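Below: a set of structures, written as structure tokens.
Two complexes are shown next, each including subunit A; its partner changes from subunit B in the first to subunit C in the second.
Right after this comes the complex of A and B.
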């Protein structure tokens, strides 16, 4: 790591890699079948940050928007079904549902998944959609139904584990739809505080080790709820920053102590530090060199470690991590929602016009 | 997706693989379709179990398939004996999924469900399963979480688990998860009495410290025991307290009441105010200089006629009223409500002697194994906790060593040096401070200003010749009349926009580029002296005229 090799950022190859992710996934990615929405998000947001979205045809964009909406579950007026709403991860489960139109065909297993809902909404924003086809009431009911008594969230109504990842998804959905009334903010904040361990950062849940991914989810959630300055004391923030800064190991960032550095933590840890004002405590050039060393020079894309196979998740989080550093001609990224600042601006303009509309309807 | 390495294949091998994949894909899709046909028709049978088993073996993270499987199992539930048999088979099935992916959320979650449905759960066997998976990967937090569940269910005592963690640590000092587990068990087995700042009872603390110190002497290069040590010695945070109340007149009879707290508090924490023995509270509108909901400093406008003396009473709680006397014609008054906390002053005797012992051990270790980052970091922490003022020189030299040893975190240590300089100076300042005294900390390579709330009532502040770029904490200097920020890297002056009392501002040798950046000072009606020489903005045409236009109150303007 002493500057023997200076890696270059292979922008065009990554664009090609992500374009392929948009179209076809290899069999090795079968475990992602039920979460294709997340892969879509990685590809779209990655292309956005690489300034490669302009190469996607308008017709293709519209096709993707329609595909996303086709995965939305629409319970209509049936109040009992509202909580089963949200977005699905892929078509393989939905297509077996039989005919899509009648409400009675929504069975208890065919319900939204909170991560898919977040990535669906984020993808729509990136594509410039105005969210007018989103059934807000239903989506918020779906989020509300997934919160547990201890403040954390499940991912789906059919049942799943509950932890910090889904709390983050809940917060992003509420932020995008500008409505936090669906969740109990106090218990959510309490869950986050309770998940802090002796190391000073957050684990996936109470009793679990501090972890880079969960810490990001917790910090970004607090930020989106507007609670970051009040929920954590100065000492708690200091210890958190110290833990995050200590994750840099020979250039790259690790998810937990004594683990090898992994590209995806460039975003999880980097964005956490950005939100806490401590990103500059890292050695950014060494970090950048590590990320670039995980690039695949033939297929494009970034992998977890150098000399591993690239995949959508690590490619995207490596790119958005680099975007935080402000180099390599990447578009700036918003650390809390994990979308480009351009996309965030679009979202804010939607927020503005909806408040204006609601004001005019009041008269 | 789990860090697989690449291997090269020939064209022939690649083609065969492609065929194999196609076949697998068809089977998979076929299976999924069949599974959901069954579900929609409400068919819960053995075949469904078979199909979902195959699908989940390929994709153990399909939550919906696990849900369907649970539905089938519940539908097939018969008497206790057959149910136990079914569930035992289920445990085997989950294990086959786990063998493929030790970290599948879906598989572990299903195992929880199976165990919760057993009439007589086989806890012992599950504990062995945990041992097995932890041997494969001692950091597998899914397994640790599951182990906790098994321990609870089997009524395994925390003391036994404590022994287990000890065994793991002895076997491998760097078993980070085992130290973590220990940190959760210790407060259960040795809870601290309510008033102590430590996480466990004092007796256990001393014993634990001995163990940890032994561990670090055995292998000083491993970070796990050092983090544990830091957790043991670190103090918990205190409840926020009011530190200071002040009054400053900034123009004629116009003035500000200032309340300073030890930590950021919301507005409702500000006490009620009564003037000159009145019976009712004054209605004051409090605001935070940083415009946030939580702040260390809260300020309110209050006009008091300067031809007479006044008494401001703060009702802190029913038993405590703080009085601030503002003399006739005086421009400033300060009252310290509680002892200033700048670290180390409130340690119990046991805590102090414990920390001293740790310090001595570390000093020995530093002599035996010089250049060990963890020893130095611990020394910094412990000395700072004891008394940053007395140990300032040593702490500073350790930080310099750390900057060389741990180059990646160079900027982080530089930042700690800034903090050290500020905290020590503020402690010194507190001891000698009187109304009207000056706070100076120049030429210290400061990159950051901390604890600025302790300067909220200070009239004259000098932070020249440092490395400051961001000055946002300076928004707290609401009583400051004279501010010297020469020789820094400042561009953005927005934090100074609310400093109503400011009369003289010196910014020579900074990075101010434009008139826009100076415009933020336009609300400061008391500002009459401004020095912006040796800034890029001075190279523009007509700077002098333009500045006077936007800041008409300025009488003395220095441009060169």
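Right after this comes the complex of A and C.
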């Protein structure tokens, strides 16, 4: 970074960009048709970190909460359907609205997706919901049904790839619902260890190239399971930190060696280092300048690279990455769940009151 | 995906499903986004039309040639709709369709969406059904011609090699070719490690051969992180540690004395010294001093971007090895 350019953080423009994502996306974003929930999460959590949620009206917040719940698949008393539960990412296959709150399915192919379940729950927490309408038993059955014998996870029933991404989603869901009994932690940890390549970091699976995104999913999963300190040896941790800090090239962070820096790794690599206690090993100001150079000064939003088109994912991961660095008046972010510390506090208060409730019922 | 829409628009003969006579018996099902929809997508009319009919077909469970064709149109418009892929597989199974034709369709979809998870997953399922991976290495090579680091294609290639393991012949030659073209291709270095793990394994002879191969690559471009990392990976397989093979210390020292100050070289030298410090307490006082000095030079001169990291390593080594 030459230092000649000193970028400003365009907070107001990013708020406008994310508010637009919240309402309507252009047709060019049609590949998100089955994962609108993830875009919703990026927009809401981004606004939260920008302290822009207060600009969303109360009634709109309630509408969003209702929309999220309308995408929950409710198997009712049908035990065979439990595993198909969870949340959908959109209404592509939903139809014939039975009653105002829920969308009934038109086919047995209509089932939950683990990433959508994670982002739905995270969004509800951000919005201050108490998760009381979540069918916990069904959601956990859905997560359990997606674990493979090798410890990794599928994304949905009916056939999908299985890898580290979905393991992370499983871990977040179990953490949010405070119940890890649905999954096999031992095989999951083994899968993570097997995915460590000779480079010292994790790939999506065994033998695959070390990758910033997979490494984040692995490290955050271990953290959420309470296994980060015990599952990896000190030498493994040292090598992992070395690989992670080596991803800083001249300013921004790359996902793999000899690849160009990309905004989204600000969060993936930054949060991994934060969880391992090494975030300050990076040159944070050089990193910040790279992220700011990917801002679109007209539309707002951040792109993958400088001079490219911004999108919801890179906007959010750029912002949550900057929030990790504690710069630009952003609210602090939790590196493991990727939501604000404020939202996490709300979640913890829900955990606390549910523990108290269960104690009092026992009495 | 905007271009897909253009493609469809540009086909003069494109007719909406609602105007197709042989679909007249089907009542389309519109999408119901409810009263509070957020993150809406500005669908085109053609998209809405196709998906209205797709919903109708799924709802009735129709498994037919025309349903197969419809899934093709739906996937051209959105290759990421995993449910359409799942439904398509159900139709293929039911009809007993020609799977070679399906591979051709899938190849076309992969070429258009080489970084989409669903197309590669579909490929894997169809290859599994066929029990024949004869076309797969070529397919990935075609993708590598455009992007030699495409993670999906590498994942597919590894799956093919592991599942149909007679295909490993020639894998190292292929990796050689890729590394000749671009020695910075980290994916190819990873594939090299994978191929050896799956075939000969890292025997002492193989380790020696690989160390020489990697030293050569580093001699050509010292500032290339990938072979340095591979070198560590290879040496990891010897019990004797970093200093036990290939005379690496002298090789590094020669480069250093010739004035080479690449951070990758200095980092490797620190690792060699750390290994010695660990194994031989008698050399500690002298060697520790040199090691710390090298950390210092990385922090302040040769790898300033990781200044804080090298300060930390310096403290850590000092703490572990000073009397």
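Here is the rule we go by: the second predicted complex is superposed on the first by the 351 of 363 C-alpha atoms of A that agree within 3 Å, B and C clash if a C-alpha of one lies under 4 Å from a C-alpha of the other, contacts with A are read in each partner's own complex, and residues count from 1 in each chain.
Please note the rule applied: a residue touches a chain if its C-beta (ideal position, glycine included) is under 8 Å from a C-beta of that chain, and two chains touch if they have at least 3 such contacts.
Note that the structure is a prediction, hence the values are computed from the model and not measured.
J.: With the two structures overlaid on subunit A, would subunit B and subunit C clash, or do they fit side by side?
T.: Partners clash after overlay.
J.: Just checking: does A:256 make contact with subunit B only, subunit C only, both, or neither of them? Give me first, second, both or neither.
T.: both
J.: If we overlay the two complexes on their shared chain A, which of subunit B and subunit C does A:245 touch? Say first, second, both or neither.
T.: Touch status of A:245: both partners.
J.: Quick one: is A:281 in contact with subunit B, with subunit C, with both, or with neither? Answer first, second, both or neither.
T.: Both partners.
J.: After the superposition on A, what does A:198 contact: first (subunit B), second (subunit C), both or neither?
T.: Once the two structures are laid over each other on A, A:198 reaches both partners.
J.: By the touch definition at the top of the document, which applies to A:304: first (subunit B), second (subunit C), both, or neither?
T.: It touches subunit B, and subunit C stays clear.
J.: Who does A:22 touch here: subunit B (first), subunit C (second), both, or neither?
T.: second
J.: Between subunit B (first) and subunit C (second), which, if any, makes contact with A:63: first, second, both or neither?
T.: The second partner, subunit C, only.
J.: Report for A:158: first if it touches subunit B alone, second if subunit C alone, otherwise both or neither.
T.: both
J.: One more residue to check, A:211. First (subunit B), second (subunit C), both or neither?
T.: After superposition on chain A, A:211 lies in contact with both partners, subunit B and subunit C.
J.: Please pick the stretch of subunit B from 8-16, 44-52 or 242-250 that overlaps subunit C when the two structures are superposed.
T.: Given the superposition on chain A, subunit B and subunit C clash at 44-52.
J.: Using the superposition on A, tell me which residues of subunit A are in contact with subunit B and, in the other complex, with subunit C.
T.: Touching subunit B and subunit C on subunit A: residues 26-27, 29-35, 92-93, 95-97, 107, 109-110, 113, 155-156, 158-161, 197-199, 203-205, 207-211, 245-246, 248, 250, 256-259, 280-283, 286.
J.: Which bits of subunit A are touching subunit C when the two form their complex?
T.: These residues of subunit A touch subunit C: 21-37, 39-40, 43, 63-64, 66-67, 70, 91-97, 100, 103, 106-107, 109-110, 113, 155-156, 158-161, 197-200, 203-205, 207-211, 245-246, 248-250, 256-259, 278, 280-283, 286.
J.: Quick one: which bits of subunit A touch subunit B in the complex? Just the residue numbers, please.
T.: My answer: residues 26-27, 29-35, 92-93, 95-98, 105, 107, 109-110, 113, 155-156, 158-161, 197-199, 203-205, 207-211, 229-230, 233-236, 242, 245-246, 248, 250-251, 256-259, 280-283, 286, 303-305, 307-309, 311, 313.
J.: Which residues of subunit C touch subunit A in the complex?
T.: Its residues touching subunit A are 1-2, 5, 29-44, 47, 51, 55, 58-59, 61, 77-83, 85-87, 89, 116-117, 120-121, 124-125, 149, 151, 154-155, 158, 162, 184-187, 190, 193-194, 197-198, 224-226, 229-230, 232-234, 236, 304-309, 312.
J.: Hey, which residues of subunit B end up touching subunit A in the complex?
T.: It is residues 1-6, 21, 24-25, 28-29, 32-33, 35-37, 39-40, 58-64, 67-68, 70-71, 105-106, 108-109, 139, 141, 144-145, 148, 174, 176-177, 180, 183-184, 199, 223-224, 227-228, 231, 237, 263-264, 266, 292-294, 407-412, 415 of subunit B that touch subunit A.
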